[in-house]
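The next part holds the structures, each set out as structure tokens.
Here come two complexes built around chain A, the first alongside chain B, the second alongside chain C.
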Partner chain A sequence: MLTNLLKCFPWLSVVVALCLPNAAYAQLTTYQLQDWLNTPAASSHIGNLTGDVHAAALPYRRFCVGCHGNLGDGNGENAVWFITPMYAQPRNFQLAIFKCRSTPTGTLPTDQDLFDTIGRGMDRSNMPQWNPLSKQERADLVAWIKHYSPRWQTEKAGTPIQIPPEPEITPERVKAGQAVFAKMQCYKCHGVQGMANGPSASTLTDDLSQPISPFNFTDGSRPKCGSTDTDLYRIFMTGLDGTPMPSFADNIKPDEAWDLVFYLRTLQPHNAFNAKEREIAHQLGLKPVDPNAPAQ
Partner chain B sequence: MRMWAQSHLYQKLPRASSVFAAAFALIFLLLGASQSASALPAFARKYGLRCSACHESWPALNNFGLKFKDNGYQLMNDRDAPIWQNPGYWPVTFRITPIWHRVSSLNQVDVYNPTTGAITGSTAYRITSTGFDLSGLDFHTGGTLEKNFSFYVLPSSDPTASFHFETAMARIDNIANSPWLNIKVGKFELNNLLSEKRILTLTGNGGIYQTYHFSPVNDGNIYGQMGDNQFGMEYLGHSLDDRTRVSASLLSSNDGNVGLITGANSYSGFFTFDQAIDTGKLGVDRLGMYAFVGEAATYYLTSSGAPIPGSGIGNKGFSRVGFTGQFYFGPHFDVNVVTQHGEDNVWFGQGYGNAVNPSNGTPCPVSGPCGPNNTPGTVLPAGSRAPTWNGYTVEARYLYSPQLIFLGRFEAERMSTQATPGTPTNLGNITNYVIGYRYNPFMTSRAGFAYHGEFNLFHQDGTGPINGLGNTTSINTSELLFGLDFDF
Partner chain C sequence: MKHTFNRGLAAILATLVVVGLLTRVMNQRASAAGEGKITGTVKFDGTPPHMRGIDMSKDPYCSKAHANDPAEMQTVVVGKSGGLANVVLYISEGLSADAANAKSTQVPVFDQKNCMYTPHVLAMDATQEFKVTTSDQTAHNIHPEPNPLTGNIPWNQSQPPGAPPIVKSWKTPEMIHVKCNIHPWMSGYFAVVKGPYATTDENGSYTIENVPPGNYTVTAWQESLPAQTQKVTVAAGKPATADFTFKGK
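Up next is the complex of A and B:
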């Protein structure tokens, strides 16, 4: 018996040696998160709501853990079934990189941004609109999300970008918006008609090297970070961090940005927001941009 | 009291076996605590959400699940249409529950002469049965056919595998891109805030809401069963966040039975409205009301004296109205309330209305639960009145975690007007207590499994068997049930 045990000892040693570091890593991570739960960063303030990180443990477990995982790393039990680019991978909260922000690219989002994202959901993904939850629950979940990354302890959220009031739409503005679309080479990804079929579309990957599709303006989908004119403005001025969609804040002036919003509206099928834009495009007889046209 | 003392005498042996079985169930509980599973309930596997996302505890819906249902089983994320699913996806879930249960109730039992063996009379006698058993089998299949077009079909069996369609309907949602325009047609559960089809308990008396099924003793109205799925067409409108909901249903007054056998042209309407209020740290509470008004046949044309199925005329009215409430007191505790004021036409009160067996269309008095036929010239007994009653259900739930829920329910149904003067005022009154728990040893988006335990006490005044002294007793039934409730 003893001889048999001795024979097995080397193998057992190897197994233990392989398993221990993994176990230690997992435990360390869990312990770290426990500590971070009690840091001031693990809180949220949305209007007059204050999120309670401890109260979020139950709703996170009920609603979120299946995709985002116990450790908030986006490795929930369902993550493996989300095949990109048809379904986006669940957000890894440990990286604290978020698409939908009102803050400049590279900065942390505000609590309000995260709150809005939870309520709005992410179209064309498995992230539903969690607006049936109470506002307090959503505020609690924002605090919970923030406990997953040390970035929240060392950095402050960025300052939301200034968005000037929306000007009156005119045919000139729509045409100017088309020029911005061409100048910024939006068509390279989104296609000349906004059909997500630009020459670069099939090569795009996100920061985690997962394939990703550009937004198709023509199929009736809702932009992930909101559908209003202001939301569109914000999307291309802040960029969608973690994706190939950059921020154009340094390249497009605020006035031009509104022009671009008006033009993008003409690419969309009829919806609640674009009746005027489509009418103007029709009157102008607007044709898709020509990528080979000389720069103006 | 006497009855309980009597039952104690006869239950010594069964109680010993009950203790054994309870211990057996506990061992199951402990052994199973480390199990895992990889099953695929229909909606959860489509969307990758755990059961707890939509259900407070399966099958009871939470606010998110209610919104999902109201949207036609869609998350509204532009990935709802089946074209986005793996072609191998097949939206089917089945559910069945192996159980152990103990039922104790009074019965009318023959009394024998021990010497001659002759039956000398009968008496009320408590019979207690225990043993392993099985629930019925449900095949749930539902989902989207295309964006905003969905269906739900539920063939359901009794424990002997005799099937019927519990649900079969198609629906069109968000017509003209408006959440206020949703239509469903077929056989479906009524838009009850506290739905009996999503009840957390399984026993005979505890597995239904008494408030939804109450009718006066000897009442002949086969309809008015709010707990049963009904045939018809429903309009539902709701706000984008589902805080405000309104519905109106046009229903055939046939209590969900196929074949148009109970009435020639009798319809009913079921109307609901509820409003959710965000109460901050307490949660999202909901207040609502409902009205179920309609008419059903009391007179069937006859052939050789036998009622002809489908010929029901002489429609008489009925109504059930009440308030509903769903009150959260933080994430762990909630209380659900349903009240009801019910009234049946005086003809129903005197037993007219079920001259044809609604479940199989058999003309009475051949078989089935039958009543008199309101043929021409029929006169009501002098002093007959429309029966009325009031009732309420209060169900409290404590959610220890998404995997463990405890619940307690109290129901009271009280007659306020008996159809026949001189009838004891409390005849038919019901009092019902239920306590239970459901523990899911694992929680995934693939399968559901729960250790289920439940105890129920049911009391109804004046409707029990006749005892040895010739007095009518009350029904007092107790039920204890442990089961392994699973769906895959």
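Up next is the complex of A and C:
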């Protein structure tokens, strides 16, 4: 009996070694995910709502699994039909890198950020607005999303960036915003008129090395992380992680940031938000920035 | 009762502090007296691969900076004497926990100059602070791409002309690719290791300083060629040698 066991020892050790989790690189298994469902990280708090991770199993299976996959890695059975750059690949929840955050670049988003993204959807992608889901269901799904990445068990969400109240718009502010646009060289990708045709636009790739295009301000599409003035402010201050869009939090002061928001509004065609900005730009006779002008 | 407890606690704490300070001083003495070095040269054997020239015409600032000195990719940089530059040498086995956690006091600086990274590969210790600076009059974004599941989290920050340095650190050892999305040719590495390290210069020579005596495995890492290892024995006050040769096709 003992000799038999000893004979098997090399094989047994190989089997044991294969079963041991190979650090973070190992493919997640459904067994592991079952365990992670019961960690304190798999929870969410949005206002008065508390997400119940176990209640999200059914809605996830019904609405999300097709693209985001059983293991949350963005490899659902529909993912192969997502042709970039028209449609970005579904988010990989295991890496926990998210575009739409209120938190600094390189940090986890807040529960509220994930909740908002589910409701808002992603313009120009296959992610629809999930308004038909109740708020409670969306909160449950946030908790569910958080059980996919071990990062939620060891890291805390970042501290949301401070956004001061929006000042009154003035022609000086729009002009100052244009100066920020020129100084930060936003036109390198977004183009001098915001038409997504800057010199670097055609070479951009996302973190999956898939081609990605910068936001076109002029074609009427909605920014991926929200359309309000505060959303615009947040987008360029936090950056969209996983994409070429960097964070400008260290380089744009809060007051200048509002100026830039006002200027960006003038680039957009008429919409629900920018009547004043467009009128001011018209009165000022604002011309696109000149990349070859000497730095101020 | 409470008072005696507090006094006892204070006495224990004081002893701990004294013992801790003593061991620290003794450790420093030991390392100062017996520190060794590992030196050597890294050569490239064969025909170096062709390095593609870089067309910077999309950014007038960059192309002007390289008007008389056309830039080329730096994936494999071989010097005149056959030395291989930008190879990171570090001790992958044999370091004591103390030596592995010792951080070099110099702050490594990663500069963006003429739309290229200087140095192309920046070695550093895990949790050691490093600086990213810009000498350019054009906007860059610094976008390192570590694997977030290792504990190193990717970030992406802009650095327009005149912007202050970005000070960061990495949690765990990893060879992290870093790029600039605005200038797609810009590609470099943060080589995050544990313990003493060195990077080869253009002649391929290197010196790892502050190595306590012992038996080690030294790893030579190059971004595009398979890494190599060598066993090295370091004696007190005597530099050990480890030469490496990377083979081309």
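Keep in mind that, in the parts below, the second predicted complex is superposed on the first by the 268 of 296 C-alpha atoms of A that agree within 3 Å, B and C clash if a C-alpha of one lies under 4 Å from a C-alpha of the other, contacts with A are read in each partner's own complex, and residues count from 1 in each chain.
Note that contacts are C-beta pairs under 8 Å (C-beta built on N, C-alpha and C of every residue); 3 or more make two chains touch, one makes a residue touch a chain.
On a predicted model such as this, the values are computed, not experimentally measured, just so you know.
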| item | value |
| --- | --- |
| Fit or clash - chain C, chain B, common chain A | fit |
| Touching partner for A:Phe82 - first (chain B), second (chain C), both, neither | first |
| First, second, both or neither for A:Pro160, with chain B first and chain C second | neither |
| Partner chain in contact with A:Pro288 - chain B first, chain C second, else both or neither | neither |
| Which superposed partner A:Pro199 touches (first chain B, second chain C, both, neither) | second |
| Shortest CA-CA distance in Å separating chain B from chain C in the superposed model | 26 |
| Doubly contacted chain A residues - partners chain C and chain B | none |
| Chain C - residues contacting chain A, complex | 58-60, 137-139, 141-143, 145, 147-151, 153-161, 163-164, 166, 181-184 |
| Parts of chain A lying in touch with chain C, wherever the complex brings them together | 24-25, 94-97, 105-107, 149-151, 154-155, 183-185, 188-189, 199-200, 203-205, 207, 239, 241-251, 292, 295 |
| Contact set on chain A toward chain B in their complex | 55, 58-59, 61-63, 65-67, 77-78, 81-82, 86-87, 121-137, 220-222 |
| Residues on chain B engaged by chain A in the complex (per definition of touch) | 47-50, 52-53, 62-64, 66-68, 75-79, 84, 240-242, 278-281, 283-284, 331-332, 399, 401-402, 444-445 |
